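Right after this note come the structures.
Shared between the two complexes below is subunit A, which has subunit B as its partner in the first and subunit C in the second.
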Partner chain A sequence: MKRSTTASLLLMSVVPMLLTACDDPSSTAPQITSQSYPTVAACTTAGNPQAECQKAFAQAQANATAGAPHYKTRDDCIKEFGPDMCQPHSDAGGSFFMPMMTGFMLSRMLDGGSSNYSSAPLYRQRNGQDYGPRGAYAGSGFSSGSSGWTTGHSSDGAGSRAITASRGGFGSASAARGGWGG
Partner chain B sequence: MFDSLFGKRPAPPAPPSGPALPLGFRLGGAVAIDDVVFKAHPGAYAFDPPAGNQIIEALGLLDLGGGSHLFRLYLTDDAWIQISTTSGAIDDLKLFVFADTRNPATKDDFVRWTQTGSELGSPQITFGNKTYLRVWGDPPASGTWSPPIAVDESVTHPAGGEEDFDLTHYSMLYQREVPELPGRMEYLFVTAEDYGPDHFDVVYSLGSDITTADLSIT
Partner chain C sequence: MASGQLLRLVADGAAEPVRRVAIAPRPDWKETAHANGFHFHTIDGAPYWDESAYYEFSLEQIERDIEAPTGELHEMAMSLVSEILTSESLLTKLAIPRSHWDWIAESWHARHPHLYGRMDLAYDGTGPAKLYELNYDTPTSLYEAAWFQWVWLEEQKKRGHVPPRADQYNLIQELLVESFGTIAKRLPRPFYFSAVRDSAEDQGTIAYLRDCATQAGIDSGLIAIEDIGLSTTGTFTDLDSIVIGTLFKLYPLEMLTEDRYGSALPGSGLQLIEPAWKAVLSNKGILPLLWERATGHPNLLPSFFDESPTSALPRGWVRKPLFSREGANVTMALPNGESIVSDGPYTDSPMIKQAYHPLPKFDDGYPLIGSWVIADRPAGMGIREDSGLITQDTSRFIPHLIV
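This part shows the complex of A and B:
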């Protein structure tokens, strides 16, 4: 851990994105397009199927508490998100303040002939940028046409780390047990 | 943890529920490191220890399995003390000073740091005109690349301080014998730090063995 490293807010600049789900450009990797919408209506106006927009909104709303940044004080929250945007909340971990969800991100993965969607809640900051969660709540996925939600599907497949390879390919941490040279 | 960035984390920092910090160290406390060996042999080591009282500003905990843990005490002046323990007993004590940081431009560049042929994992590394030999993996004489070891670290700060966080290390340890001080080693610890899909770096630290007698803990 570099001492000067701080856990900065994981800000996601919300602009239309075209991402590839795989690093290898030569592969036939599925492509992901992501776009943010303030409302279901805006989502459908943009040409997305109404059912997908509604599902995306509902899923984002379901993750709104878990995906929001949590602050100890209202002032800390207001500093980032402005007055009238911060509300008290409590869960098993205690009480905190969090911003209200102001929109949602709809990601669509084109994989061959089928489309898969995922969504995430968004929170508009004072500076006009949208805050979006990374990691566990960054993309709760669902399949177009499926009757039920499928959860745990990350929109970019990257999880919360840059390296997603199996640990089996690396040296075991046991090497560092008493193996500190000399 | 009220000030956590998110309400739920995949791997919440372990302290204070983790193993107890040994030697009377405490987060937010102070420690001074005796620099007499460094002053008596100027230039013998490729780094200088931090001077004066250092505040323990953050605490890292790594679980190596088998009851073994590493505690990393991050100090005021870009240095850290590492305590290796097994079942609470201290195996090893080291001082490291941050020497260099590389910032890969892309995720692909970062991933390559951990793959075959990278400097990280090579049999030896020349750093600051000094050559350090690999400690972990195959013997350096094999000439082959060894994969870095992967291990998670949870970093905590004093209450009300910076946000706690966790990261994954891909690390390799190197060493050289200090010619001016036969039998004493200087270490080069190279680690690729993975904080997230677009947050990573590679850090080089130089270090030496220390003993409890070298430390004044307050």
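This part shows the complex of A and C:
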């Protein structure tokens, strides 16, 4: 026989497709600049508006628990961040140890004429590198034009929480057609 | 039994043509479609799923003329990937953007798995099938071929409207589920299926593929391609700002790289299905390369890169853009001097030219065979029939059977 003897569908007759609209009609590649700072003062000294630096710091602080690596034991945390940096914490998922925030990253995205800031908490590791919320990116900051990103990301960030700077950068080319099957 | 053997001898010896057989549609087929999640059976008011007829093949025709050549052509195409990826001149000829060469090559070296492809064949039963093109990135008509066509045959057999021994060339879903199971371990999570929001057809197709993945035990999500986010660190995120690991995208690779976020793809760590390296196969430039390597192959049509795409096309040739989908921007210069042109957005694309080899005509329709390859294995077929020689998104899907 040239066909399967049985076949079934599990989801198709019931799956609802709830998709939220958030198109962005602009068409140039987004430009992102990011820099890390230990303090708000360092941030303003570097030429950023005071208000943005303060907002970035506050937002990073608010995300400090979510953005930190979580360890089962104090020793595990100390191995990465040093003896004075690790504190006990607990949340709905249970108790853990995590490093203290030592700085924040300020990112500015120029996207289709509008400018957006975002920030993330940073944690200085024993080796001097900063740990960021999505994985281990270099803490010295990075900048990027349309030619690409200077940090070498890999899929190790998959599944972790990130800070979404914008949406709507895919799919614009097809808006007029509504489908691309071949 | 004896008459069956006789028919086979006739088919082998005298090259019996394929048959188009009229049949009454199931009176309840629309309800069945609805119950099976098939919501795009009618597109823009015109029927797309059409079961007022079926195409009938012999087992020899399927195995000798469709299945075997599909496997062979697929291997020939796959054997070109590595060579293309290491050749600047070939990448340039295929109009692959230089900014993404390394990214594409890395996806090949990392062996990012691919899932499926569909090759389009012209075949009427009296000669070898001829390859029109490979749809190796965003092939559609999958659900219709793999699922609804299968259901159609089961029901028509039960109701006694087709011969009881009727079979179908269709292991598509079985191999999809099996392949998802095989590649599952190599896919970074979370795993999302994505297509443009407003295409009922594309959304239906990814819902079906997700169903197959679920049957293989893989958890996955759905996200509109327009909703994907870009994070401050250059990763792609879902609506909860979780970094996406693997994205199944029913959206052309060349559009993805041209989109505003395209420049972020190489550094993002995002794994794609179909993988980036499919860019060199889902490209009509593969046709002249295949012809160059295997000139005279019975399943290939003479094909060349068109060095003067704005000049008049000689009689007996068809001009196609490298990246055209759904039959857009195709020009045919018929041997009798007539020409047929289809509209489309691919006007500034590099072109190939392919020898004119018209689709066969049955009644009022021109059937094009979509022969499916699932993870390197010939898997089944679906037939789309158009009222003209160029199969476009206005075509209708007609089921087939084997007797």
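To be clear about the criterion, the second predicted complex is superposed on the first by the 105 of 182 C-alpha atoms of A that agree within 3 Å, B and C clash if a C-alpha of one lies under 4 Å from a C-alpha of the other, contacts with A are read in each partner's own complex, and residues count from 1 in each chain.
The rule is simple: contacts are C-beta pairs under 8 Å (C-beta built on N, C-alpha and C of every residue); 3 or more make two chains touch, one makes a residue touch a chain.
These figures come from a predicted structure and were not determined experimentally.
S.K.: Which holds for A:118: it touches subunit B only (first), subunit C only (second), both, or neither?
M.R.: Second partner only.
S.K.: Would you sort A:47 into first (subunit B), second (subunit C), both or neither based on which partner it touches?
M.R.: neither
S.K.: Going by the contact rule set out at the top, does A:128 touch subunit B (first), subunit C (second), both, or neither?
M.R.: In the superposition, A:128 touches no partner, neither subunit B nor subunit C.
S.K.: Have a look at where A:107 lands relative to subunit B and subunit C in the superposition and call it first, second, both or neither.
M.R.: After superposing on A, A:107 lies in contact with subunit C but is clear of subunit B.
S.K.: Classify the contacts of A:94 with the two partner chains as first (subunit B alone), second (subunit C alone), both, or neither.
M.R.: In the superposition, A:94 contacts subunit B only.
S.K.: Determine, for the superposed model, which of the two partners subunit B and subunit C contacts more residues of subunit A.
M.R.: Larger number of subunit A residues touched: C.
S.K.: Let me test your reading of the model: by the given contact rule, A:67 touches which partner, first (subunit B), second (subunit C), both or neither?
M.R.: first
S.K.: Based on the superposed arrangement, let me know which partner A:172 touches: subunit B (first), subunit C (second), both, or neither?
M.R.: In the superposition, A:172 touches subunit B and subunit C alike.
S.K.: State whether A:162 touches subunit B only (first), subunit C only (second), both chains, or neither.
M.R.: After superposing on A, A:162 lies in contact with both subunit B and subunit C.
S.K.: List the residues of subunit A that touch subunit B in one complex and subunit C in the other.
M.R.: On subunit A, the residues that contact subunit B in one structure and subunit C in the other are 1-4, 7, 9-10, 23, 134, 137, 156, 158-163, 165, 167, 169-175, 177-182.
S.K.: For a test of understanding, state which residues of subunit C touch subunit A in their complex under the given definition.
M.R.: It comes out as residues 35-37, 59, 62-63, 99, 118, 135, 137-141, 147, 150, 153, 167-171, 173-174, 188-190, 196-199, 201-203, 205, 207-208, 210-211, 214-215, 222-235, 237, 239-246, 250-252, 255-256, 258-264, 266-271, 282, 325-326, 345, 380, 393, 402.
S.K.: Going by the contact rule set out above, which residues of subunit A touch subunit C in the complex?
M.R.: 1-4, 7-13, 15, 17, 19-24, 26-30, 32, 34, 105, 107, 109, 112, 118, 120, 132, 134, 137, 144, 146-149, 151-175, 177-182
S.K.: In their shared complex, at which residues does subunit A touch subunit B?
M.R.: For subunit A paired with subunit B, touching residues are 1-7, 9-10, 23, 65-72, 91, 93-96, 133-137, 156, 158-163, 165, 167, 169-182.
S.K.: So in the complex, the part of subunit B that touches subunit A is made up of which residues?
M.R.: 1-8, 10, 57-58, 60, 62-66, 68, 70, 72, 74-75, 78, 80, 82, 84, 86, 91-92, 94, 98, 101, 107-108, 110-111, 114, 135-137, 146-151, 153, 155, 162-165, 167-168, 170-173, 175, 185, 187, 193-201, 203, 209
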